[in-house]
Each structure stands twice: as structure tokens, then as C-alpha cells.
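Listed next: structures, encoded as C-alpha cells.
The following pair of complexes shares a single chain, chain A, combined with chain B in the former and chain C in the latter.
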Partner chain A sequence: MKIEVLGMGCTNCNKLYQNAVEAVKLSGKEIEVTKVEDIKKIMSYGVLSTPALVIDGLVKVAGKVPKVEDIKEWIK
Partner chain B sequence: MKGWEMTEKCLCEPNEVIIFSCAGSSNVGQIANQAAIKLAQDGVGRYFCLAGIGGHVSGMIESTKAGKMLIAIDGCSVGSAKKTLEHAGFNISEHVQVTDLGIEKNHNLNILSPDINKVAQHLESQISQRRGLR
Partner chain C sequence: MLKDFADYIVYNLIGLKPEAHLGKALNFFIYDSIKIFILLSVIIFLVAIIRSFFPPERTRRILSHKREYIGNGLAGLLGIVTPFCSCSAVPLFIGFVESGVPLGVTFSFLVSSPMINEVALVLLLGLFGWKVALLYIGTGLVVSVVSGVVIGKMRMERYVQDYVYQTKVGSAEIARQSFREKIQYARDYTKDLLKRIWPYVLIGIGVGGFIHGYVPSDFLLKYAGPGNPFAVPVAVLIGVPLYSNAAGTIPIVQALMGKGMPIGTVLAFMMAVTALSFPEAVILKNVLKMRLLLIFFGIVAAAIVGVGYLFNSIL
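And now, the complex of A and B:
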């Protein structure tokens, strides 16, 4: 499994990254969480609102910061 | 800052108003599309890709969910933009049909600026009214 956090470094983008890292930690799984800050790569996902969370290539949420519990549920 | 300029700089600004057009293969479909572009260039809202909604592109679906006001511009009564958005589960805030504004449908694609402006001005007024109501 692969998690990508799309965003150009704003406060919400950083918050989403932290939530994703926390969710992975709580899940006990070994999942890589990477930041994607390049706007061309972000737009290649069809995302027009950031921050966004991508799990295995699928955009799960865009334009808001999901809770740790939600992310944990998605990576079950 | 105008909406279309923001696209190149940051995507973290909230997309309050999201605009879709049918872009159909008639004069009114193309007027709908040009009106959507004009509204985006004038900073009224963000222009989104209707084909991405029809194709269930996850990034576009999720980005649209983050919008507060969804605008659909259709050329004619076929209502492709409205139907595509509704099929994907979205509630449309404001919908306009170009033919309802007195522009007759034909297949001459040499569209006229006054027609584009008429549709854009109509929607700008509708959106302003909605913003005032909230």
C-alpha cells in the first residue's frame, strides 16, 4: 500500500501529512507516506483542491483534512 | 486574485464556486463552454472538467465535493451537464440553459461574443444573488 499527500506545503497540507503518518502508526502496518508538492504531479491526479490524500493511486479526499480515524479506516 | 491565476500558484484556496459546462457539439454547447471560461477568467468561480465527472476520475470527484456552490451550464434542454453531475450524486446550486436565454440552437460553431457575454452575465447575477442569500 502507498499513501501520498498532495499539497504545496500549506498548513492544511502539513496537517494532513501528520494525520496520515499518525494513522499508519496506529494501524501497525508498514506503509510509506510521501508528500507530493509538485503542482504538475498534483494536477495529474485530476485534483483541483488541496490538500488531498491518495491511497494506492485513488484520491480519497480533496480540499479538506480527514481525521486520523478516517484515514485509519481507509488503510485497514 | 482571479480564479484562473490561482490554479498556477496554489490549489489550497477553497473553491467556493465550481463551474461546469456541457461543451456540446452545437452553437449553444460551445457558448456554454465559453461562458464558463469567461466566468473563471473574471474570477467568479473555478472552471472544472465535466468529462472528469462523467469518467469518475477520483481526483475530480473529490475536488468537486469540496465545492460550496456548483454551477451547471447547459446549451439546450438535453441537459447533459446537469445530468452528468446528478448522476455522480451532486446537487447543483445553479443551472442555466443557453436556449432559455433566447439563443436558438443550431450547428454553426462560429459563436458570437455577445451571446457568450449574455450567458456569463446572467450567471454572474444569479451567483451574486445566491451569495447574498447565504
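And now, the complex of A and C:
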């Protein structure tokens, strides 16, 4: 499993990154969370609003910050 | 009912006199704060639900390959209901332009989206009444359409940063939200937004209350009245650095209107606060060359000043 956080470094993007890391920690799984900050790469996912959360290539959320519990649910 | 409550607290519990400046100011503060926070909670929640049906991906589909005028008008309208945060301005701009939304239409969206926002609307509705709120929406749409049409006519495509047209936009499916998730999101969104803006709302209403109670009633007529041709541009210049703080500025402006600031100047000032901001300019610099950035801000500012003069002369 792979988690990517898309965003060019805004406050909300950092918050989403922290939530994702926290969710992974709570789930006890070995999942890598990476930040994608390059705009061309962000666009290749087809999202128009950031921050966005991508799990295994599927855009789960765009334009808002999901809560830790929600992310934990998605990576179960 | 709210009025009775405010009267009771100030005149009965605290024991101030209704004729006194302090009593009047405090009464105003309590009444307006309660009213605004009720309106904010209800309307932000409703707007968040409506917006969940208009993700930017859908707006882009609707606007793609639209002609000018119709496209600009639609973009202005969709700007009201599509959620927008200046932190997504870059991906949004690239996504729009790449999928064939004309440049001028994209700009119409970029003007109306931040300008006609839920916080500004609630404060206008609660403090000025529905007529001024509608006037603000209507003139905001006109400013966004005019600015977009002018930029479209100027053929500014070559002043967009070069990489924008070379970027490939993917077409990933975005996971759908159930209605329950939408409600839950709207609730969280309302809570977060209120948590962020409540101090500004209170300070704004407090300062407004002070002005209501203490400043003589035609104080501003001398300086900012219809007789002063510089009042509108100066109001716009003052509005720019107050960016996105509609929550704190609108209550103050409302009080100033009671002291003789004419409606055109009031509208122009509020539009400058919401639509023109330095942080947004810095973000848009990522996709626009300096020349187009300056032209964009110049045209929007000119349109706002025009609205100010127009309403000062007819109302």
C-alpha cells in the first residue's frame, strides 16, 4: 500500500500529511507516506484542488483535510 | 426576540440607560454578535452542502470550450458555488486552461470565487439586509464578467507561464462522497471556519458598536461623502491589505455607512477586501507572467472603482 499527499506546501497540505502519518502509526502497518509537491506531478493525478490524498493511485479526497479516523478507516 | 434579550441584559441586568452612549454601544454589540453567529452557523453549513455538489472538476467540465460572454457569466455564477481556496489556485488554473476553458472565462471564475463568499454574504445579510447583499452579489458578478471579457479580448495567452500549457492533466476518478459524509464534512467545515473567524467577527462588531455609539453621525460625510472624488479609489487601496478579512471589516464598514459613507464607496471597499489580495497575487505568480498579473489586478481594481462611482452617482 502507498499513500501520497498532494500539495504545494500550504498549511492544509502539512496538516493532511501529519494526519496521514498519524493514521498509519495508529493502524500499526508499514505504509510509506510521501509528499508530492511538484505541480506537474500533482496535475498528473487530475486533481484541481489541494491538498489531496491518494491511496494506491486512487484520489480519495481533494480540496479538504480528512480526519485521522477517516484515513485510518481507508487504509484498514 | 433577540432584541428583547439584548435589551434585558444591558438595561435590566447591567442597568445601563438606553440613552447613554455605553448602553447603546453594548446593546448593539450583544444583539449583532448573537444574530451574526446564528446566521454564520446556519448559512455556512448550508453553503458547504451545496458546494459538495459542485466540485471544481465538474465546474471545469461545464466551462470547457464555452464562448465568451456566456462562458464568463457561467464562470461568475459557478464561482459562487464552487469551493475555492487560494492555496488551490495553481492546480485549478492549470486544470481549467488545459481542458479548454478560455483564459478570460478562467479569470471570471478567479474573480467571483473569492469575492462572493459565504462569510461576506452572511455579514452583509445580517448587518445590511438582503437588498445590499443582493446588490453585492449582482455587482460582484458584473465585475467578474467585465474583467474576464476584457482579459479575454486582450489575447493574453502568451503571458501565461510557459509550462502551464505543457502540463499534462490526468483524469483520475475522485472517490465519491455519500450524503452522510457530505453532512459530516459540512458540520466539520462550519466548526473549523467559525473557530478561525470568531475573534475577527467580535472585534469587528465591537469596533462597529463603538462607532455607532460615539462617532457623530455625519462625521464621514465631510471626508468620504459623495463630494470627494478620491474616496472610492482610496477605499479600494485601503481594502487590499485587509485581504480576506471580510469577517472583521464588514461590521466596521456598516457602522461607517451610518456615519455618512455612501453605498458605492462601501461596495467598492468590501470588494477590494475580498477580491484583491497580496497572498493571492504571490500564488498566481506561479502561473502568470508579471505583465498579466499586473493587468489582471489593474482591471479588477478599475472595475471595482467603476462600480463604486456608479452607485455613488445613482443612489
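What we mean here is this: the second predicted complex is superposed on the first by the 76 of 76 C-alpha atoms of A that agree within 3 Å, B and C clash if a C-alpha of one lies under 4 Å from a C-alpha of the other, contacts with A are read in each partner's own complex, and residues count from 1 in each chain.
By definition in this document, a contact is a pair of C-beta atoms (placed from the backbone, for glycine too) under 8 Å apart; a residue touches a chain by one contact, two chains touch by 3 or more.
Please read these numbers as outputs of a predicted model, since none were measured by experiment.
Q: Just checking: does A:Leu48 make contact with chain B only, chain C only, both, or neither of them? Give me first, second, both or neither.
A: Both: A:Leu48 reaches chain B and chain C.
Q: I'd like to know which partner A:Ile75 touches here: chain B for first, chain C for second, both or neither.
A: So A:Ile75 meets neither chain B nor chain C here.
Q: Identify the partner contact of A:Ile3: answer first if only chain B is touched, second if only chain C is, both if each is, neither if none is.
A: A:Ile3: touches no partner chain.
Q: Look at A:Lys40 in the shared chain and tell me whether it touches chain B only, chain C only, both, or neither; answer first, second, both or neither.
A: In the superposition, A:Lys40 touches chain C alone.
Q: By the touch definition at the top of the document, which applies to A:Asn12: first (chain B), second (chain C), both, or neither?
A: both
Q: One more residue to check, A:Lys67. First (chain B), second (chain C), both or neither?
A: second
Q: I'd like to know which partner A:Ala20 touches here: chain B for first, chain C for second, both or neither.
A: neither
Q: If you lay the two complexes on top of each other, which residues of chain A touch chain B in one and chain C in the other?
A: The answer is residues 7-8, 10, 12-13, 39, 42-43, 45-50, 58-64 of chain A.
Q: Would you pull the chain C residues touching chain A in the complex into a rising list?
A: 55-57, 60, 83-85, 87-88, 90-92, 94-96, 98, 163, 167-175, 185, 188-189, 286
Q: Give the list of chain A residues in touch with chain C in this complex.
A: 7-8, 10-13, 39-40, 42-50, 57-64, 67
Q: Using the touch definition up top, name the residues of chain A that touch chain B in the complex.
A: Listed in rising order, the residues of chain A that touch chain B are 7-8, 10, 12-13, 39, 42-43, 45-52, 58-64.
Q: Which part of chain B faces chain A closely enough to touch in the complex?
A: 7-8, 10-12, 14-15, 46, 48-49, 52, 57-63, 65-67
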